[in-house]
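For reference, the structures are reproduced in the following blocks.
Next come two complexes built around chain A: one with chain B, the other with chain C.
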Partner chain A sequence: MIARKVKNKIMIGLIGLLAIVSAAPLFAIIASIYVNGARIISPRFLVDFPPPPLGGSDGGIGPALVGTLILMALSILIGGGLGLFTGIFLSEYGHHILSHYTRLSLQIMVEFPTVIIGLFAYAVLVLPLRSFNAFAGAFALAIVIIPYVALQVREAYASIPYSLKEAAYSLGVSPFVVNLRILLSVARRGVATALLVGLARAAGETAPLLFTILGTTLSYFEGLDKPIGAVPLLIYNFALSPYERWHEVAWGAAAVLLTIILALFIVTRSLVKEVKL
Partner chain B sequence: MRWAVDVRNLNVWYGLKHVLKNVSLRIPRNMVFAIMGPSGCGKSTLLRAMNRLLELNPLAKVEGEVWINGVNIYSDEVDPMDARRLAGMVFQVPNPFPHLSIYENVALGPKLNGIVRSKKELDELVEWALRKAYLWDEVKDELKKPAARLSGGQQQRLCIARTLALKPKIILMDEPTANLDPVAASKIEELMLELKEDYTVVIVTHNPQQAARVSDYVAFLYMGEVIEVGETSNVFTTPKHELTEKYVVGKMG
Partner chain C sequence: MRSERKFFMFLLVFPIISFIIVAGIIFSLIYTSFPIFLKEGLRFIVTAVWNPPKEDYGILHAIVGTLITSGLAVGIATPLAISLAVFSIELVPTKLRDVINSLSDLMASLPTVIYGLWGLYVFAPLLHQYVMLPLHEYLGFIPLFSTKPSPTNLFTAGTLLAIMVIPFSSSVIREAYEAVPQGLKEAAYSIGMTQWEVIKVMTGYIKSAIFAGVILALGRAMGETIAVAMVVGNTPTLPKSLFDMGYTVSSLIANQFPNAESYDYMVAALFGGAFLLFLIGLAINILGLRLVRKVVTQR
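Now for the complex of A and B:
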């Protein structure tokens, strides 16, 4: 009797320990980034140009931050939109052969190394234009986003009870209206989460940007056909540099990026209420 | 145009399974018509063939004709959406849209179909439908409340109001009381008798007593075939077929 209770206690303790071990990296990462990044962050840090490697002021990440916001907006507009409609198509015509192959392709795309997607964008949008450009970056990010959004939207729609789909169709409206005007709001939390994951990826991905946007840190947005900066790329470049000052900027930039992603997560979670079925 | 519903040689398959076999039925206007039979006999399928909701099932294949109000809803000119407006449907599990308020649940159909021209007209239509469904007095002060907070019976009457708001010609009910308590169920039954003044009501039930209570005409369906059709009083007192007799006296599922 006592042996059984002791065994139970030990097992619960073990499981608790494992849970802590697997969640620990999350908190370790957040802590280390904010501890190292906090010193340099100020309102000016968000708008200033980066500092020279030696001497001068602290500087900031203004152009890269604006670049990231533009890239996020563009890629979620293209990739999120396409992903949303693809996901709805997959749920509405799930039995169609085309739907089967679309889903298979998306599942393969999710596993694609993003650096390859960057190379692809380089081949189709950078080489022909003979210039690194913002649109190529957004294009590459959109391709990264599409499969995530599409598959998650499909999941969100699949979780709607069949009886509600029947109710929607019995109102005598087209599949388009059923899916976009009725079922979309039933599945809103899942869809919002899908778009959020897409947006967070757009904010954080580095590899698709390597060959596409050049990552200028010296000027603000100049047009979609011109190079543009991005926070992840700035972190990558500055962290690899030999300059102490740039390392600090990289830490600060990492803290800003993390804040964007956490804020997106929290805001979406709290604003979009779940539909109780 | 004599018949509200005229089903002619209807055959339905789910994949290779032949679920409705040569069904022909005529349903007169302003009556409650019950389709009864043991589970799995094809009742719900037959009902869903009457407004083409069956087509949501990609495996379903339909052959034959269903005339609603003089229109063959399976002819090439008819869109499934039109068929669904002609024949509104109430389901086995009350299924109001859980994210919408009581008001919006009724207003959604007319809004999406462009039936109303102004907010005032919509308000009037919603009130009319809720009154017609015997729900108005219970909810008139809380129209903004989420529909999910209503009781099961109220939710089902809300679904009836949602259907009425589209001004259908006939109302299809798929075991509308199967998930309700007896009091709520008897309210729905009363409502059916009221509704037949203006509509034709087709109800599917697995309960012969309910068919006897509410219907004027009844069809007995068994393994996808119509075994017997007739006036309810005749079918229950002098069934012509042995299977019908077994069913109505409760000797069969």
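Now for the complex of A and C:
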């Protein structure tokens, strides 16, 4: 009996210990990003050009930051739109045979390693145009976020009470109005959550951008058919460079990126909480 | 009725777009990688050479690297993920549970390049100093630990991947655990089981969900590119121990693509690697689903 109690204590303690071990890296990561990033971050860091590898001033990540904002906007416009309507289809025609295959293809899309999606965008938008371009990057990011948005929108629509749907349809207006005006406004929090999750993914993904946007850091936006910079790609390239100074810029950029992600995460959380009430 | 039909036709466009994208991706993988399979045949998969000047490509080393790092990741992550899920449900007050779940979700949504940056400059040196060097020193006679480690290698990549995939499997396990009928727990306690014994019963009950979490984590770990490319060492040789620098398929693609266009067959070779990665992922998913079904029907 005592042996069992002792064993119980030990195993419960072990579970607690392992749980703490698995959550600890999060705090370590956030702390080290902000501690290391703080050394270089200033308002100018957000608008300046990156420094030369040796000598010169501290510099910044202006072009990459603008690039990331543009890519976020474009990819949420494309991927968010496609995901939204796909989600509505899944909710409205859930029993249709096509819904089954749509869910299957979304499942496959989620499972695709994002680097493969980058290769695809390279094959269809970079090779034919013979130039790395911003649109290819946004296209790749859009594919990454479609399944996330679609599945969450489906849930948001599915959670609308049936009586409310019936009432909306009984108004005698077209299904376009019912789904895209009335039900959309009922499910707006769920839909907003879906889009924010998509936006966070678009902000942080690196692999789909490797072969699509080239990641120029030396000029601001020049057009969708031209290369563009992005913060995650800059972090990747600068962190792997041999220059101490570029490592510092990478830490600063990571702090900026982490702030964007945290902000989106907190807004998303607060939306979810209010839905529950 | 008419507008109903119109609405359906309008919405129909979007699922079709998603079919086209999925089909397009698979087609482009096959189409672009075709030359390398014609040129190298099976040697592309069973040899480990990466010699662009001679246009000689075999990616066995990268496949092995992918299997080692993702296997290691899942091996480390699974007990941790189960503990995290059980801990948040059984061992802390409800308020704290929400906090832990939020933190876990946040871990899942951190950009991988941030894990990579931290992994390269903070985690790898620590792991090198306090885990890998001692392991090599005292257990170096075991082939797994026989290479003198540098900070970035397969072991580092696998461990970093473990940290990254914990929240994914943990959330699957958490949901299943919460869905276990309360009666089971009450029954277990009522016959005098200790808390640990109850937890054993409960986790036994959700075996298939735990397995599903493992499969999900495995898929994530195999596809992960950026963080791995930053800490795996990027060396095209067949690894002999966990402490060897190596490649995974996805980090090979990320690392080699910038020079790929200078060679005749490298783009095809990298797409070929991506195609194999897709096939392995698909196989594991299908196999995983089978096994889950088997476990469920046996109950």
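Convention: the second predicted complex is superposed on the first by the 242 of 277 C-alpha atoms of A that agree within 3 Å, B and C clash if a C-alpha of one lies under 4 Å from a C-alpha of the other, contacts with A are read in each partner's own complex, and residues count from 1 in each chain.
Rule of thumb we're sticking to: contacts are C-beta pairs under 8 Å (C-beta built on N, C-alpha and C of every residue); 3 or more make two chains touch, one makes a residue touch a chain.
Worth saying up front: this structure is predicted, and the values here are computed from it rather than measured.
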Chain A contact check, chain B vs chain C, more residues touched by chain C
Using the touch definition from the top, say if A:Leu164 reaches chain B (first), chain C (second), both or neither. first
Just to be sure I read the superposition right, which of the two partners does A:Ile12 touch: chain B = first, chain C = second, or both, or neither? second
Which partner does A:Ile182 reach: the first (chain B), the second (chain C), both, or neither? first
Which of chain B and chain C A:Ser174 touches, first, second, both or neither: both
Kindly list the residues of chain A that each of chain B and chain C touches, one partner per complex. 174
Of chain C, residues touching chain A in the complex: 3-4, 6-8, 10-15, 17-19, 21-22, 24-25, 28-29, 32, 77, 79-81, 83-84, 86-88, 91, 100, 102-107, 109-118, 120-123, 163, 166, 170, 194-197, 199, 219, 222-226, 229-230, 250, 253-254, 257, 270-271, 274, 277-278, 281-282, 285
In the complex, chain A residues that touch chain C: 4-5, 7-8, 11-12, 14-19, 21-23, 25-26, 28-29, 32-33, 36, 82, 85-86, 88-90, 92-93, 98-99, 101-102, 105-106, 108-109, 111-117, 119-120, 123-124, 143, 146, 150, 174-176, 179, 197, 200-201, 203-207, 210-211, 232, 235-236, 239-240, 247, 250-251, 254, 257-258, 261-262, 265, 269
Under the stated contact criterion, what part of chain B meets chain A in this complex? 51, 53, 56, 58-59, 81-85, 88-89, 91-93, 95-99, 108-109, 112-113, 148, 159, 162-163, 166
Residues on chain A engaged by chain B in the complex (per definition of touch): 94-96, 161, 163-174, 177, 181-182, 185-186, 188, 275-277
